[in-house]
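Two complexes are shown next, each including chain A; its partner changes from chain B in the first to chain C in the second.
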Partner chain A sequence: MAVRSRIKTLKIDGRDVSAHEDETILQIAEENGIFIPTLCRIEGLSLIGACRLCLIEVKGWNRLVPACHTHAEEGMEVFTDTERLRNYRRMIIELLFSEGNHVCAVCVSNGNCELQYLAQRLGMDHVRFPNMQPVRKVDMTHERFVLDRNRCVLCARCIRVCDEIEGAHTWDMRGRGIDARVITDLDIPWGDSETCTSCGKCVNVCPVGAIVEKGRAVGEMTKRKDFLVYLSKMREAKK
Partner chain B sequence: MVSASHAESLESIISRFAGRGRDALLPALWAIQTASGHINLEAVRALSLALNVPEADIYGVIGFYSMFHDQPTGETIIRVCTSPSCGLAGSDDLLDHVCQRLGVEPGQTTSDGRYTVEETTCLGLCEHAPAALVSQRGVGERSVPSAVDLESILADHSAPYPAVTGSLTHLLLDGIPVDRAQTLAEYGDYSALRRTLNDLMPDEVVAKIQASGLLGRGGAAFPTGLKWEMARRSEEKPHYVICNADESEPGTFKDRVLMELRPHLLLEGLALCAYAIEAEQGYLFIRGEYPLATQRLQQAIDAAVASGYLGDNIMGSGFNFHVEIRRGAGAYICGEETALFEAIEGKRGFPRIKPPYPTRVGLFGKPTVINNVETLCKVPGIINRGGRWFRQWGTDLSTGVKLVSVSGHVSRPGVYEIPLGTPLRQVLTELCGGVTGRLQAVLMGGAAGTFLAPDEIDTPLTFEDLRTVGSTLGSGAIMVFNDSVDLRDVLRRLGAFFQHESCGKCYPCQLGTQRQKEILDRLHAPLPGDRERLTDIGQTMSESSLCGLGQTAAAAVLSAMKRWPHLFE
Partner chain C sequence: MGKQIVIDPVTRIEGHSKITIQLDENGSVADAQFHVTQYRGFEKFIEGRPFYEMPGIMGRICGICTISHSMASAKACDQIMAVSVPYTARKLRRIVNLASILQSHALSFFYLTSPDFLLGMESNVRKRSIFGLVESHPEIARDGVRLRRFGQQMIEWIAGKRLHPTWIVPGGVGAPLTDEIRQRILAEIPGIYQLLRRNIDWFKRAMEDYQQEIRTFGNFPSMFMGLVDNRTGGLEMYSGILRIMDERGNIIEPGFKPKEYASYIGEAVEPWSFMKFPYFKGRGYPEGIYRVGPLARLNIVDTCGTPRANQEWAEFRQLDRRVVLSSFYFHYARLIECVYAVERIEQLLEEPDILNKKVRAIAEPNRSEGVGVTEAPRGTLIHHYKVDDQGRITWANLIVSTNHNNLAMNRSVQQVAHRYVDGANLTEGMLNRVEAVIRAYDPCLSCSTHAQNQVAMHVQLIGPDGTLLDEAVRE
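Up next is the complex of A and B:
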């Protein structure tokens, strides 16, 4: 039997917890029922640490660190829900809401949207920035799916799942900063893509209403959140 | 202009790069663009198959770097710098003039297809502000210092522009020509490397650097010897050494001057680092906006290889070290070390999460030392003369000498070498010939730095003293503003800079730099609540961004709010 890594004991929000040293703070928190918000991360794909929502404070460390990418250390004292962290998280969600078209009432993902959930959970109840009202191309060319870039939050889950799991790498990102956006192949209409296998994985991992199935009405788009874990388990079993 | 028949064909470029793998992507894209002016879909498809990189991925890379074009451009691209130092010197008028003469808007191409005009961020020619960069297909690229009008920009400057330099300590830049590169014969026979290969073990080289107390000169001031030691001890092999010559911090041009004037000093420093950490391959990553430095360094590498100072079995010692130049393509973020690795690996310049740090997981996932140009240029002197010699200058914490890049309202803007601890006032009065007009503000450390008020210029220039007053020495950029300047205009340019250069990977910076820019654009007529929003955005970016770009994107703004609150009312 493989030797599992050593056990570490640490404190999260004042609670004593123990964990394997190869576990991240995020994993340990989840095992112990402690909520840490995340958006770019999804179980089964590589970590990019981009959303910065899972930042935590560690006693004695100057910088805030992402829980998804920080491993357990003996005697570490972690704080996941301080005023400072709550402020930054709300601010990030506020910036996201003001940047795109995130009008829940008219969205097919209403009620099944991770951004909406985070806003409610983190108490982001008003937006102090004028909405940028982007006018970005909605791509309806795929026979089964729709891409609405106005709702995209650039979490890069679609890019990662297509590259790492499906192996097609139909998706990528173009531009930089505020002009960054997702593209298919050579920035051609999705329906014309030669590499897309229409597997629908990107639809299932998209946290918002940016990549959805056609023909859904408001609030009808539900996604299977655990399918990546299921997929990797089945693949592992086959090996 | 060279006719199309002289340009390398796509087929030939593809076969030259085929099978080299993904890290050949940026060099291949440069080759294609140089040959045909832009990178079209046919080229992307061919490259995708030759390098085994997905099409969407390549397309994403092209769209990330501002010097790559996927659409045809004019035969000549004129890029006019509008960063603060050039802004003071009238770059907005120059850009207007060029556009008016050619009948285009910035970003457009003339109807005859001859010219494209672009607005660009700092070109590192701040002592010759205003500056432009001209790319002529087939003839190459050149920097245009002290640009006056369209004619002066388009004139074929074969005469080199001399660097303005001065020194209190006379180590790096004294007694050498200022209008051409020092030749190998003038430089010498790489005596520090020779002595090292004959007499010193790698750990002894590291010990000498550690004894000198040298701190990195790129801006972060990390102890160089410690960095080398950490990489040397990393068991994973091979090790890599990289010179970070992506000098893109607005107001910083000392590395450009070192590369243009003393290329062999840099190469010897790089080779010494390679020996110390047992690396056999090194990269010089030079920003795309530095054509002259790139050309002179390539000539210096060729000369050093021909004389046996680089290459296999250097000076008969059995030590092998190869250096390759990699050209950036217009992205400030690539000065961030992990983003620079991504660029060499042929990807979009997205910074990685740290830790792990480069000394353990760096380029191609291997232990890597990455040092700034000036840092490496300090190494041969320390090896030849010892750590104690270097410590005769500076303070206990900030040892040795430092180059500063001074631009803006002084009589003699240029690169100056000072012992650390020299008060800023002395630099401005003695070396730069004094401030022109009445001093209003100094921006230390470039766009990512902080402002000082006139009553703070007696601060000694050390890392620790500047930290005490809430400022930074950074890369040594010093931008001087007299009282004719509207600081709101300077802040507006800084806001535009970060909005343009944010890579878009993490939310606080991607969204925060945009919102910060909007507020800085309307400082003359702010909306209610703007000051609070600006503070909140600034703090969020500073504390929660993924990398140093976002973490410093509000530093200058926050420092200005503290010193001149009335500017934000």
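Up next is the complex of A and C:
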């Protein structure tokens, strides 16, 4: 049996755990049943560390670091659920809510939304920041799907799945800060895109109600995410 | 200028409003007005949203009439899609619409209004509520709760939840009916008939003690409007044609298509209220006053179409010659409609195709405009949308049941204030009568106040001695 990598021992939230050195803290935590919130991460796609929800504290380190990009080190002491982290995470969710139009009650993804789940799980009971709600036009030009940028959280899952799995690279990001937005091709209406294969992978990985099927009523949009792990494994196997 | 009496807020109604009564120097009533003091912006903030989201968003206008708004909205969307809703879905929508009317009528009659009849218009104000009723007339209070629960349970069983279900969708409904739920509803119906029978009986006896109120509670000539079945002219809550009857009982518009509403109904704005004043264009404003709701519906129809309701309706029609004008009879009409609702629900549940699984038509936006009209508990409800070529809403107009009755409610407040309010010897009971006439209309103000292009506003700055220091008017 080939040796995969060296084993490291470390502490997460006071618990002694062991892991391979190429594993991230996020993976180790999940193997050990320790919850760390994530939003931009989805199994089967590359990691970008954009949402900052998986930030953790490490004893002796000044900065908070994203669990999805931090590897196990010998003797490391990791904390995943401190007051400081809880505050930051709630603030991140609140900022997302204050920027877009996230009215769950009338959203097609109500009840099946990762942002909504995180808000509940992280104890967000109000939004302390004023609503920005910039006017962003809904793109309904595609025959089957809708892009509602008012609900987009810029997790870039659509961009990654289209590039890494489908291979079409229809999606991209344009602009910075409050002006940042996902675009199709060179910022043309989705329905006019020549690269889009209408495969629907972006719909299924979108964690919120931003990329959805047309004609769905409130709460009717459920997404299938398991296909991604299956597809990646099948491709690995073929190589 | 004489004194002004302000009733703020008006109690035991849905939504926020106030009544102002102007007295002259002798303390007699000079004028009275019913103001809606809240403001909503649904017509504006849905602009740009996909049309098929409308039933979900519009249902949120109101927690009582969520079904009515979703229904009218879905019907407007059906037109935008240019589809024919499957028969079974149409029947299921009808059942849920009737269930909603039932629960709302139960709320209006038992919870909000019956304390006035059972405890007295002038009774102790602290006890004059559903809680006082529980102490003094527990069996009637229990009936009220049971009737409302029956309506709400039907909505929950069929549409998934009591409050803001999202089951009414463009093109049909979200899920078919199961036989288990059908049986469960049918099993409750006999008990509900008995409940309605005994409550109609006591109310008819009670009406004899309220002859004075019947004469003055919004008893004036006006037109009446509502949907009727386009074949039989019978009572109809879900589709059909709009009919208008005049104050003498003559049918002046026998039936026009709901989508042509704008040719018949105009909307005026007054600076002192957030609620618009619809009027019949044929007579102009404000002469084009008409009423909608239970009283109007039972006036304009040729039949109720169900045996028990028809029997009661025949008695109702005997109350006045040609047309029943007193708004006090809204209460009676409400009870008759409850009987009708239960009978129709029972009929529909017995239809052979009611369990059919095909309940939703799916289509793209194929038309640029849609008008959905239904009868809500309080009267005719109109949703009118326009969409762009992608199906995004570009314009919306709602005329909500309570809007139609706005002119009539103001007229009624004036009538009751003139009759009962004595500025020199003011009592709480006098003012309760002014509120009570508003309750007869069962207004829902959160439903009825909507965006206009520009909000009418009249701001007055009044000094401590009552003199007007400054004012600004925006119309």
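Quick note on the criterion: the second predicted complex is superposed on the first by the 237 of 239 C-alpha atoms of A that agree within 3 Å, B and C clash if a C-alpha of one lies under 4 Å from a C-alpha of the other, contacts with A are read in each partner's own complex, and residues count from 1 in each chain.
Assume contacts are C-beta pairs under 8 Å (C-beta built on N, C-alpha and C of every residue); 3 or more make two chains touch, one makes a residue touch a chain.
If you're wondering where the values come from, they're calculated on a predicted model, not measured in any experiment.
S.K.: Based on the superposition on chain A, does the combination of chain B and chain C result in a clash or a fit?
M.R.: Result for chain B and chain C: fit.
S.K.: After lining up the shared chain so the two structures overlap, which partner does A:V138 touch, if you call chain B first and chain C second: first, second, both or neither?
M.R.: second
S.K.: In the overlaid three-chain picture, which partner chain does A:A29 touch, first (chain B) or second (chain C), both, or neither?
M.R.: In the superposition, A:A29 contacts neither chain B nor chain C.
S.K.: Kindly classify A:V208 by the partners it touches after superposition: chain B alone (first), chain C alone (second), both, or neither?
M.R.: In the superposition, A:V208 touches no partner, neither chain B nor chain C.
S.K.: Looking only at contacts as defined up top, I'd like to know whether chain B or chain C touches more of chain A.
M.R.: B
S.K.: Tell me the contact category for A:G219 with respect to chain B and chain C: first, second, both or neither.
M.R.: In the superposed model, A:G219 contacts chain C only, not chain B.
S.K.: Let me test your reading of the model: by the given contact rule, A:A119 touches which partner, first (chain B), second (chain C), both or neither?
M.R.: Touch partners of A:A119: none, neither chain B nor chain C.
S.K.: Pick one for A:V106: touches chain B only (first), chain C only (second), both, or neither.
M.R.: In the superposed model, A:V106 contacts chain C only, not chain B.
S.K.: Just to confirm the geometry: in the superposition, how small does the C-alpha gap between chain B and chain C get, in angstrom?
M.R.: 23
S.K.: Show me the residue ranges of chain C that touch chain A in the complex, using the header's touch definition.
M.R.: For this pair, the touching residues of chain C are 48-50, 52-53, 55-57, 60, 164, 166, 169-170, 174, 362, 364, 390-392.
S.K.: What residues of chain A sit close enough to touch chain C in their complex?
M.R.: It comes out as residues 105-106, 108, 135, 137-138, 140-141, 146, 148, 214-220.
S.K.: Which of the residues in chain A come into contact with chain B in the complex?
M.R.: 47-52, 55, 63-64, 66, 69, 84, 87-88, 91-92, 95-96, 98-99, 128-129, 132, 153-154, 163, 169-180, 183-187, 195
S.K.: Given the complex with chain A, which residues does chain B contribute to the contact?
M.R.: Touch list, chain B to chain A: 41, 44-45, 54-57, 59-60, 63-64, 331, 333, 348, 353, 499-508, 510-515, 529, 533, 536-537, 540, 543-546.
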